[in-house]
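The structure follows.
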Amino acid sequence: MTANLIHVLLLLVMPPLLAGVINKTKAWFGGRVGPPLLQSYYDLIKLARKSMVLSTTTTWVFRAGPVVTLAAVLMAGLLMPLGAFDAPIRFSGDPIFFAYLLGLARFFTTTAALDTGSAFEGMGAAREVTFASLSEPAVFFALLVLARLSGSLTLTGMLHGPMGGFSAATAAPLILVAIGLFVVLLAENCRIPVDDPNTHLELTMIHEVMVLDHSGPLLGVILYGAALKLFIFGALLLHVLAPFQTGVAWADWLVFCAEMLAVAVAIGVVESIMARLLMRRVPYLLTGALLFCGFGFLLLVR
Amino acid sequence: MAFVLICFPVVMAAIAAAVASNRWRPWLLPVAAIVHLAATVTVLAGGAAGSSPVPWLVLDPPGRIVLLQVSVLFALCSFYAVGYLRYRQDQSNRVFCACLLAFLGVISLVTWSHHLGLMWVAIEASTLVTAPLIYFNRTQRSIEATWKYLLVGSVGIALALLGTFFLAYASLHAGLDSALTLESMLGHAPRLSKPWLHAAFVLLLVGYGTKMGLAPMHTWKPDAYGEAPGVVGAMLAGGVTSCAFLALLRVYHVCHAAGEDAYISRLLLFMGLFSMAVAGVFMVGQRDFKRMLAYSSVEHMGILVVGLGIGAPALFGTLLHVLTNGLTKGVLFLSAGNIHRAYASKSTDQVRGAMQLLPLSGTLFLAGFLAITGSPPFGPFISEFAILNGAFDAGRFVTGGLFLFFLLVVFIGMGATVLQVVQGRAPSEPERNDYRDGVLTGAPIVALLALVLALGLYIPAPLLAMIGDAVAFLENRA
Amino acid sequence: MSATWNILAAIVVLGLSGLPAYLLPARSETGQRVATAAMVAGSLLGLCGVAGGVGGAIPSVAGAAWGLPYGRFSVAIDAVSAVFLALVFVVPALGSIYGLGYWGHAQHRGTGRRLGLFYGLLAGSMALVLIARDGVLFLIAWEAMAMAAYFAASVEEDDPAVRRAGWVYLIATHAGTLCLIAMFALWRQATGSFALEPAPAMAAGLASAIFVLALFGFGFKAGLMPLHVWLPGAHSAAPSHVSAVMSGVMLKMGVYGIVRMTALLPVGPPWWGGTLLVAGAITGLAGIAFAIGQHDLKRLLAYSSIENIGIIAMGLGLAVLGRALGRPEWVLLGLGGALLHTINHGLFKPLLFLGAGAVIHCVHTRELDRLGGLARRMPAVTGLFVIGSVAICALPPLNGFASEWLIYLGLFRTVGLGGEPGFAPAAVAAVVLAMIGAMAVACFAKLIGTVFLGSARSDASQHGHDPTATMMGPMIVLAFGCVCLGLFPSIAIAPLEDASRTWAALAESTPISLAAVAPLGWISAAGLGLVAVVATFALISRITPRAGAVAEAGTWDCGYARPDRRMQYTGSSLGATLVDLFGLVVWPRNHQPAIHGLFPGSATFKSVVADTVLDRLVLPFFRAAGRYMSMFRVFQQAQMQSYVLYVLTIVIVLMVWGTMGAEP
Amino acid sequence: MTSLFNGLLVIVLVMNLFALGTSRIHALIRIVASQGVLLGIILLLVHRHLTIPAFAVAMAGIAIKGFLIPAIMLRALRQAEIKREIEPLISPLASIMLGAIATAFAILFSGQLPLVDQNDGALLVPTAIATVLVGFIILTTRFKALTQVVGYLVLENGIFVFGMLLIEAMPLVVEMGVLLDLFVGVFVISIIVNHINRAFSSLDTRRLLLLKE
């Protein structure tokens, strides 16, 4: 029960911090001071108090988009085990539910974007759904690998199971899967090299361009949802990359938070030292991720 | 009874030739047809009455089936003919009516004749009496069609005569007398001289195959069927072909009794599948819907011969197919005749939207197409399905597969033309023509279609028994 | 027994429902109302029968000798039939009600009665297909169904496009029927009769031949790639409620056929299941890729049907595989998922087709790039369409998810959980399914975006309004079904379990159950949770004081002052990248003008996504075959001389051919 | 007896070749008429005990083949006002060569077929088959409608020759029926020829090319 409470609390509170850490890291690389670590929280509070401007072409779909997206991502967060602890909701087949919740989020984000009737938002929507079509199979390859290793069909079981029996035979598949998943994380959360959240050219954006017309509380909801999604993916990746456990509950939570921040730093580093890919190269990157996960699967079942 | 069936129509033909009124003469057709049908039913119901004072005239079980089919078809066509001739008062129908009636008598003679020579005479006579029918329209095209019908038909039938002589010599060679009656042939079949029998079979297959319209002797068929009036087409495709098939069936019977199944089934399967293939090839892209029907007839003759080639397991289906094909051909030719009449054209370039212009005939034509291509639940489906099952029973899976494949080709070829005819928008200003469906030109087709449909859903027990008898007879189990 | 009679009566009522209208004038609305009433009454009667038949412990059989040389009139309902029957007795009746508004006799004088006649016949014959237990009866019902669908779909035969689509359908269905004819003939060889009862044992080769013929014969109807060629054309040519019935129900008859035959055949080798899985994967993936490339609203939906058939085939393949390898849990999950998806697709696809019909009814175009902005004018239809889209993308909490989830669970088990024996190649299907799912989201986001959102792309789409109650009602019922089955999928679990057990002939004692391997209760809980969260958020946004303060402005177009409706992202561009990714399969053709110089003149861009199989393979083949065949016409050129020569030639050929046979 | 008989049959064969060689329709009809008469005479000779049926058939044959049919055809010829077969498909010489090959083939082929003792050594079967083949040659290489009818008659003559083997086995009715059919057939064909002449103003079958694919 306590664990579940902490889970929910972390889920609700921690995500914006990651964005701050990433920005701080990037600033540090750029030799700047950068915004405060908690800047994202300030932004959210400010946005919540603002009033909205809605385009004349929009309908209820536009307003439903961020709301449903956030709800779906929150649900997904409840399915994802954090660190050494079980997820609050877990049942046989929940990985699929998890993946499809993210699909639901994507569906409403893109339709909301299309509701504006703007060419830019249309571009973003097109890219979002296209790239997801490549990253989703990669995730499922990874899930298959984990299911086989763990013998479980719950996310909690999958992510906790195989790490105990980490052996030479399973090392290679797991490493391949981890690389693939990291690429998926970058793509799904619109980070460099797939997308640049800080770019100023709408033509080259994915996620940011889809939310151009959202303002006020709705924009806040979107930003918060995006941070939440990053948090969840980070947690997923951590299970594969660094399944450290101490056995002591409070220490495990600390370890988890530290690892999470480390992931944020790593993302910041990647964003600082890499350039964004050409948009038409992105499918190749994602196909690469798909192949990595696929080879992992192949190595395991051969 | 044999004399009633054979002579009564001939007498009526003479009366028709004598009657002066062009308007009332056609009514002799239904009168003769009804009497003929009644006599047929009496004979068939009578069972043992299938004999006559003359030993050559016996109504055997296969003959019963053909007689019934032709009689029913003729009865319905005769009413149609009255309706049709009403539209053709511009021409004298004296020869037409007389020949049509004589044709009925000649065809009855074919079904009754148990002497191969006599049967030949009857079939040749059927060629001669139908020639003036094809020539009814008196156009250049119809002359050409008649000429080809007569000459190719005569050459073919001459070969059949040679084959008949060969067969007679085969029995003479075996030291038998009184040759050529079916009974004596069957009785001593195993002793017949093999080389003569083989040669005779080839000649008879080609000869009667020409009358049936098997490829490649079918060349007269599209011309004749295309130029003849619809009702004549129906009688040619449903009557003459059935009789020619009956002749071939008798030859098959003799060869089967002689134990020559291996030899004849090779030839029969070859001819049958070849005919189906040729029909398919010529149907694809066919723009003249009456010629298309002719090729469909070629195809169905092929089906019958394939069934015969498969032998005993498929005989039931084959005999049933004689019935279903004959009746369905009636539906198709009569409705095609109506459409031809209304549009004054038989090319799909002009004929479109028949369902709009002639809702009844168009629908019947379409239904007839579905029936003849073997769609359930029409009669031809059951018979073709039975033949396919027979092929599988006989272990002839390749034949069965080819059979189905050719059916598909034919469906595609025929369907394209039929749909062009019935669908679409009727030309806003069709050729000046006031033909519309009437009772006399519509009801007989509806009745035929109802029969075809009924045969696909329910075959009456007496009919089943009749076909069963015929199979047993052909298998010499009777 | 009474259940069977109920259903037979229902079949008669449905089949003849269109006839009374012929007693009335062509434009009479009364006739249509009578037909609809008969459809509804017949369907209710049938549903009672299904309920009774499933409740009864023993399968109800009625049989009678019949005046055909082959076959008996033998019918029965079992759990498998019941699942499909439920669909037959729901969707056509709803479509008929919809037709009152959509295809009123007063507006469609020439075609109304004919459509009604064949529509009813279609429904009745489908029900007969499902209860037939004799090969010949099955074929008759099957062909009646195929023909009724043909006439119902090509009711607007004035239009050459409709004729062409109908013609392709007719050839495809006939080819399929011929496969089935061969299949039943082989079935008789194997079992000695046409009775559709489980075969005890037969030669492996014969069983496989029957399976392959069934796959082809039924695959044509179901629309398995590459046998789907007829499907997009026919669905877009048909009136929308006919498309709904064809897509929602008639395709499932193909599925039913495969389900039935695999149940009757003895347990086959694993490659049967493998073939189905591969066919399903190809069908699903290619189907959705083609769907994304479409420019026509109804063609898009038709390709999406192909995709869903692919998903169903994958579930079925898993079940067949499980049966071959003796894994009851694969059977339960695979067949359970496939059947549930059949039902689900039978709910949301008709919903989408009816929605599309409502759009076409107002806007009179099916072209996506001429639509747009309808959400403001047709809010109710938009809402229902969104529900249908979410469901068809298999997104929680609607019904599409539940069924795909079952299939996923089964496929995950084939990977060999924790080292237990599995069949890992099959697990790749789960990955394919994931890709299909993601692409479906792309496809339907595109569809909703271009049809309902943004602003109108043409003047035509500036009009429009929500349709009348007769058209809305059926859609609401279908949407309600989607929501119900999505939130409470466990209500379907008992029939599915029954059906799967009947199919695999699992003994009562088999200790495994669908409920045990698939915790559908959790799906309900999680789905309800999701709804609750969304509702809470919606409520918060309502009661937050600031939320009311909303200003309206034009869409931000990055500084461009005069955005135009033609500057919106088009449907084609939305799918362009995905279509290009699948270029090898979809083979898009872009006609792109080269633009030179500083002030180029006006130019047009056109992209065409034809059906690769139909337009690049089948039709060119047919055209070439037609050309070659017409070459044979030189043999029929009216010279008597050659005709006589043929006769002589064939005599010689036959003489030679005969002696050649005699030698060995 | 057999030698006389065979000698007459050789004349039939020679007549075949003459028929192939001539290009004058008038002569062609005459040749075929004489062939018919000759066949009737052979029929009378072939029987050791001349029966009434055989006599009747032979007489009817002579009457029909030798006089009646040629008369009909000559009348048609007069009406058509043509004299010779212009440009046949192959030259008369080639026709004769073809006919010779066909005759040789017929002799070879008939060697394959077993004969009853009493017919052994007779040229009946080869003559019959050769004549049938010659009929086919005329039918396939000539263009005038009338010439084709002649070809058909030659074909029938061949069959008639074969029929001599069976004269005792065939009932009279059938035999007469065959002859009657032949007669009526040629009669009907001649009527059609007449109509062709009227409708097409020619007897050239190359004008009859309306009905083709």
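Each chain carries a letter (A, B, C and D) given by its place in the written order, and its residues are counted from 1.
Everything that follows uses one rule, which is that a contact is a pair of C-beta atoms (placed from the backbone, for glycine too) under 8 Å apart; a residue touches a chain by one contact, two chains touch by 3 or more.
None of these values were measured; they are calculated from a predicted model.
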With subunit C removed from consideration, the chain sets that still hold together: A | B, D
Winner on C-beta contact pairs when C-D is weighed against B-D: B-D
Chain whose average C-alpha position is farthest from subunit B's own: A
Approximate Å spacing (C-alpha centroids) for the pair subunit C, subunit D: 69
Rounded Å distance, subunit B centre to subunit D centre (Cα mean): 30
Rounded Å distance between subunit A and subunit C, as computed from the means of their C-alpha atoms: 36
Centroid spacing, where centroids are CA-atom means, of subunit A and subunit B in whole angstrom: 77
For subunit A, residues contacting two or more additional chains: none
Interface hub residues of subunit C, defined as touching at least two other chains: 633, 636, 638, 640, 644
Interface hub residues of subunit D, defined as touching at least two other chains: 136, 139, 148, 205, 208, 210-211, 213
Inter-chain touch pairs (all): A-C, B-C, B-D, C-D
Of all residues in subunit B, those that touch subunit C in their complex: 144, 147-148, 151-152, 155-156, 159, 198-199, 201-203, 205-206, 210, 216-217, 219-220, 222-223, 262-263, 266-267, 270-271, 278, 281-282, 284-285, 316, 320, 370, 373, 375-377, 381-382, 385-386, 388-389, 392-393, 400-401, 404, 407-408, 411-412, 415-416, 419, 423-425, 456-461, 464
Residues of subunit A defined as touching subunit C within the complex: 48-61, 63, 67-68, 70-72, 74-75, 89, 91-94, 96-97, 99-101, 103-104, 106-107, 110-111, 114-123, 125-127, 129-130, 132-137, 139-141, 143-144, 147-153, 161, 202, 212-213, 216-217, 221, 283, 294, 297, 301
Subunit C residues within the subunit A interface of the complex: 372-373, 375-376, 379, 382, 386, 389-390, 393-396, 401, 404-405, 408-409, 412-413, 415-420, 422, 424, 427-428, 430-435, 437-439, 441-442, 444-446, 448-450, 452-455, 517-519, 522-523, 526, 529-530, 533-534, 537-538, 541, 544, 546-547, 549-558, 563, 565, 567-569, 573-578, 581
Complex interface listing, subunit D residues touching subunit B: 112-116, 128, 132, 136, 139, 145, 148, 152, 155-156, 158-159, 162-163, 165-166, 169-171, 173-175, 177-178, 180-181, 184-185, 188-189, 192-193, 195-196, 199-200, 205, 208, 210-211, 213
Subunit D-touching residues of subunit B, taken from the complex the two chains share: 56, 115, 117-118, 120-121, 124-125, 127-128, 131-132, 135, 140-141, 143-148, 150-151, 154-155, 158, 161-162, 165-166, 168-169, 171-173, 177-180, 193, 195-196, 199, 222-223, 226-227, 282, 291
